[in-house]
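Notes follow once the structure below has been shown.
We call the chains A, B, C and D, going by the order they appear; numbering starts again at 1 in every chain.
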Amino acid sequence: MSLANGRAYLAIPGPSVMPDAVLQAMNRASPNIYEGELHDLTRSLIPDLKTIARTEHNVAIYIGNGHAAWEAALSNVLSRDDTVLVLATGLFCVGWGEVAKGLGVNVQTIDYGNTEPVDLDQLAAVLKADTDHKIKAILAVHVDTSTSVKNDVPGMRRVLDEVKHPALLMVDCIASFGCDRFEMDAWGVDVMVTACQKGLMTPAGISFVYFNDKANAAQGDCVTAYWDWRKRINPEVYFMYFYGTAPTHHLYGLRVALDLILAEGVESVWDRHAILANAVWAAFDKWSVPGGIALNIAKPENRSHAVTSCVATSPDGDRLRQWCEHQAGLTLGIGLGRSPSDAYFRIGHMGHVNAHMIMGVLGTMEAGLKALDIPHGDGGLAAAVMVIANATRGAA
Amino acid sequence: MSLANGRAYLAIPGPSVMPDAVLQAMNRASPNIYEGELHDLTRSLIPDLKTIARTEHNVAIYIGNGHAAWEAALSNVLSRDDTVLVLATGLFCVGWGEVAKGLGVNVQTIDYGNTEPVDLDQLAAVLKADTDHKIKAILAVHVDTSTSVKNDVPGMRRVLDEVKHPALLMVDCIASFGCDRFEMDAWGVDVMVTACQKGLMTPAGISFVYFNDKANAAQGDCVTAYWDWRKRINPEVYFMYFYGTAPTHHLYGLRVALDLILAEGVESVWDRHAILANAVWAAFDKWSVPGGIALNIAKPENRSHAVTSCVATSPDGDRLRQWCEHQAGLTLGIGLGRSPSDAYFRIGHMGHVNAHMIMGVLGTMEAGLKALDIPHGDGGLAAAVMVIANATRGAA
Amino acid sequence: MSLANGRAYLAIPGPSVMPDAVLQAMNRASPNIYEGELHDLTRSLIPDLKTIARTEHNVAIYIGNGHAAWEAALSNVLSRDDTVLVLATGLFCVGWGEVAKGLGVNVQTIDYGNTEPVDLDQLAAVLKADTDHKIKAILAVHVDTSTSVKNDVPGMRRVLDEVKHPALLMVDCIASFGCDRFEMDAWGVDVMVTACQKGLMTPAGISFVYFNDKANAAQGDCVTAYWDWRKRINPEVYFMYFYGTAPTHHLYGLRVALDLILAEGVESVWDRHAILANAVWAAFDKWSVPGGIALNIAKPENRSHAVTSCVATSPDGDRLRQWCEHQAGLTLGIGLGRSPSDAYFRIGHMGHVNAHMIMGVLGTMEAGLKALDIPHGDGGLAAAVMVIANATRGAA
Amino acid sequence: MSLANGRAYLAIPGPSVMPDAVLQAMNRASPNIYEGELHDLTRSLIPDLKTIARTEHNVAIYIGNGHAAWEAALSNVLSRDDTVLVLATGLFCVGWGEVAKGLGVNVQTIDYGNTEPVDLDQLAAVLKADTDHKIKAILAVHVDTSTSVKNDVPGMRRVLDEVKHPALLMVDCIASFGCDRFEMDAWGVDVMVTACQKGLMTPAGISFVYFNDKANAAQGDCVTAYWDWRKRINPEVYFMYFYGTAPTHHLYGLRVALDLILAEGVESVWDRHAILANAVWAAFDKWSVPGGIALNIAKPENRSHAVTSCVATSPDGDRLRQWCEHQAGLTLGIGLGRSPSDAYFRIGHMGHVNAHMIMGVLGTMEAGLKALDIPHGDGGLAAAVMVIANATRGAA
């Protein structure tokens, strides 16, 4: 007896649920890549991508995943033997550092573990100690998808300014973009990388590097023809947007995704994610008991609005994931980079998500907890419902 | 602040949620209608349609909706001035009677109201009184979509046999087919009509009339060239399957839908619907308080597994529907044929439905009840969860 | 060695090539059928359907194929034992007559054979002889898909008026609608039936009956609840448009198809079909030699702009069809109702067709004639090209 | 009067016409990227990609276009200050050289102009002169998309072997892969790059680098984490296939495209392209007159089977392109890198192409030549038809 046959729901922390309208826009013949509609469409993406990042600076589009954007960003501002400071709060910032190493760059790391955000005081101390400014850039994640920690990006800028350190502030917003509030210019971010398959609701395959003039001026000897972002902004000929053939179908999909975001309003999109994340947390507040499941990040202000990393008593994380998928039609995300691996799991709640979808996730999880006799407290669903009800009270 | 932007969920009692695989199969060029693949595919549908209806008799496919199937079924067995007995337990059986009237047939009706199933004793009495067997056919609905009542079809056959009445037993399974248990041959049903857009998970547009030899022998003077089912079974030339151009894209979709049902197993499909319906009822058992919302059908054994008709205090039915749609991304069905109309609403849980979808529906509804201050009891979601947990306990 | 692997091209005389935009519009979730977008969309179809038919009268939409529209049209205006006059110029008008017979109506037929249009003088003579006006309706096809003959519909009206016969003029435009010029009101047509899968470029499944006030006043005793067109126009409640569940996905597709036609302009659509048909004929003018292939209809003014019926020496019709499909990726239509069947074939050039597609058809056919050593004259493609060139000379 | 409204046909030299089955496979929800179906599917691609390239060595998949594959290939085998020899027969090999320069590599170029293939004697002379083997790699295109020249790749290997030069033979098969015969191992190619949007019939967005052990051993200091092909073959963890998030939807599409190729057979695919290219050339042989249009490459053995570069008298190239697109529904490719630009144009005939499509292209072009009074000879279409007929004679 399985209750899974129905529309499978994917709640991994990216790729996210793709809107029908995005998929429909991609289900088309190849366009002429040399002139016409595709060129106009591509040009229309740039200002909208900037609007969503709250920046007046530049954005280059790369065919590639987040790792491609990492390498693109680093290649444009570093030289071999430069040093970068990695602020590790999970697997992904460590990964970014590895890409830096691959470029011949020295990597200095502050490891904050897997359950805490960047400690700004510790950051300040390290920067102060770097009196000869060997550190050319700070690499930080806004949200680390593996731990679901959210870092204080404006705080990093404040620290840099306070200690008068010239390092570039480079931020990975792959897991947060279009979900958590992010204001590139107001927050003093020099370089930001993100990708399309999470908050931007477009099938995996393109990524983005935003940069300001300071970053642009930092060009070193790592840059290559393909990664060179200078070629890709305001190009004289169309093919330079992508240095070669355009990712045609993704552009049609992205156009629709951006339209959806702008129609709702960026602030409303952020609010929607905040409320739905709060509903998830409210359920966990009730569910969490010793020996049961718990949130990975203790303080709400340090939690992502897009992904929630969870821990159970091994092997209950895996048991719950398997039950949800095979008995109820819900696919949760595996844990990443944690041990024992069968204790950890993650919930994606990013992009094209609404109250029905999230209550479905939570309701399914609670049924799984009960079916598997995993210890948990009562009232999780009622608490989640109350978050949603309070946020919409009086509306119709 | 709306939490609706995400994948819209349609929980009206049909059309239901279409599986991606069905839609993909329909997203294709027109096929050659004169030979080849389409012919083989069409022929393959017939035995599978019979398997799902538990019959070894005949099925004719019509391009049309349920009303078309009603008229087709009646046209094939009646003559003008014949009499049929309508067993009214909601809007739809009354509608079938109107189609009969339109054929010039006399309609006798037993009206059981909107909240009760067919009373078999009353039926027996009416049949006994029809000593000269004027009644040529009984028209009954297995499930009336408007009231969500489920009638005792085997009981009707038992009554007919007991009173030795030769009337045909004609049953509308439009809302129940592929959801509630139905066994045409074992239950002694002579004619059954259904359609594709509910349990069969295919976009509205084709319908089906099943009939046995007794029904086939009943041909009167109402039959027309288009409705004649004799032409459509085992036709010598392909175009006779549909008496004209085939509904090409629907056939491709239906092929996939039948594959999904048979892969899961008909019994498993019925079980899945039963459990999920029980989850809905369990929530209502907790939610229902005076002045609040309630189920339309009192006894569980009389309730559909595919649709649930609900009543609130006017205008709370409408308020809840509007809130769910505009604040949470869930579209519930309006009430049909009841007054005041803003008190009634319906929940579809038919076809391609799993635990995640149903818990999403119930979670959303409870959030709406709270946001709108509609009176309700606590514990609805926990109760629904327990139904799902118990049904899947020990599974993985 | 086959050259068929590529995009298969379907040149049967309907269903035609569906525009990508139509298929995309249909590739969607089921909509709410009780309120909202679908209702607005449905209402928007009616005036556009009238515009394309050049009428200010009424149109009812049926879920069904052309045969359904035939029965619907007849049911609304006839009584049992009425007489209709069938003007047979191929298989389809004969078929319409059989539907009339199925209603209990007497059918009088003038058979013009398979290669000639309706002879108006003969029609006039028959009508004059019907002095007591037993003939209630004339059933004519505008274009008979089997023979590709095009009949003189305004001429039929002229004859009726001249002989002062009150019979309804009922015309089947299934194969011509959206392809050949048709002006319902100016031509004095009382009832017109058509379907969606040819010039209307929508997957098979819905059909249309147009009627004027005279036809509406003719209601007899054949009408049934399902076919009653009075219910379907200007309905008080939405479900009456389709007397039951709406054909949701077809409506979304049809909306796009009508948009395409109106954006191009009805006159331009007719002109495009005329030129492309002339290109086909020009090729045949050169290809035709004794023992080879030939057009079925001798005079250009009697030929459809949407379909071309062709004849070869048996079995070369079949050989050419098979070669085109298996060696070149082109599916031609089989002959219908002619003997020997392997001598006849048909070419569809209706709806979403452009110069590239038609030159592909003709180029493929000529390659097949040569590969199979079927006798034919030279210069067919050059002649077709010249038709296209002349029609577009000076354009850019 | 335009004859363009119909299915638009894209005959640019890539992206090519995408098969419906490929687009359908991509029109789906995001899959779980952490386990299950996607992992199996990805692994299944590798042996099939090797089969089509006729190699037993390695292939790495990159999210990116052809330029990405260029940089990936170079990065894996070169060090800064290495020298490569570019064999320029059009725009694209020059472009590959620019990517090399961007890596800090010295580029030596032999420019063979835009209408001739690589002269092997001249290559031999240059290699002989490089007595201290500064040249680490030869960069050659199999087919240059801009000129449609096809180079003699086995000849290059022969020359390298004859002069005993150890340089790697690196070949760009972007425009030829899946169209022209290519046998990596038998031809002694060390590195081959290609992309998905031409012969592989998948929307632009992924590309491929093939390499043998010699190339793998050549690793220098240019390699970065993202481009490192060693990580991507036989990875321990799935995400290393793509060094980050997989291009989910492209993989589903590619799977279907490879299935299509293997079902037809690689040799049959090559043969089909050869015949259709010959049909195009046959038309040009008749069309070409002074002042008219002509093929860019004189000798048939030097011409691509996938793309044909053409030249007209300025501005007739542009006039013809515009006419074909706006009057007939056919989009030809612009010229690239030639002056005057309005004299040049290109025809793509790659991937999912059959006789119907190509005859449509040629028929449309001839109509355009006539409509625009561009000088041309007679008999082009008849000549093309004869190529197709001869290739399929006797088949059915």
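Just so it is clear, contacts are C-beta pairs under 8 Å (C-beta built on N, C-alpha and C of every residue); 3 or more make two chains touch, one makes a residue touch a chain.
Predicted model, so just to flag it, every value in this text is computed and none were measured.
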Mutual neighbours - chains that touch subunit A and subunit B alike: C, D
Chain centre separation (subunit B, subunit C; CA means) in Å: 36
Euclidean distance of C-alpha centroids - subunit B vs subunit D, Å: 55
Rounded Å distance between subunit C and subunit D, as computed from the means of their C-alpha atoms: 44
Overlap residues in subunit D, where contacts from two or more other chains coincide: 8, 17, 20, 24, 27-29
Chain contact topology (line, ring, star, complete or other): complete
Subunit B partner contacts - residues on subunit A that touch it in the complex: 1-9, 17, 19-20, 27, 260, 264, 268-269, 271-272, 275-276, 319, 322-324, 326-330, 352-364, 366-372, 378-379, 381-382, 384-386, 388-396
Complex contact set, residues of subunit D against subunit B: 20, 24, 27-29
Residues on subunit D engaged by subunit A in the complex (per definition of touch): 8, 10, 12, 14-18, 23-24, 26-35, 63-68, 70-71, 75, 98-99, 101-104, 195, 197, 203-206, 221, 223-226, 228, 242-250, 331, 333-334
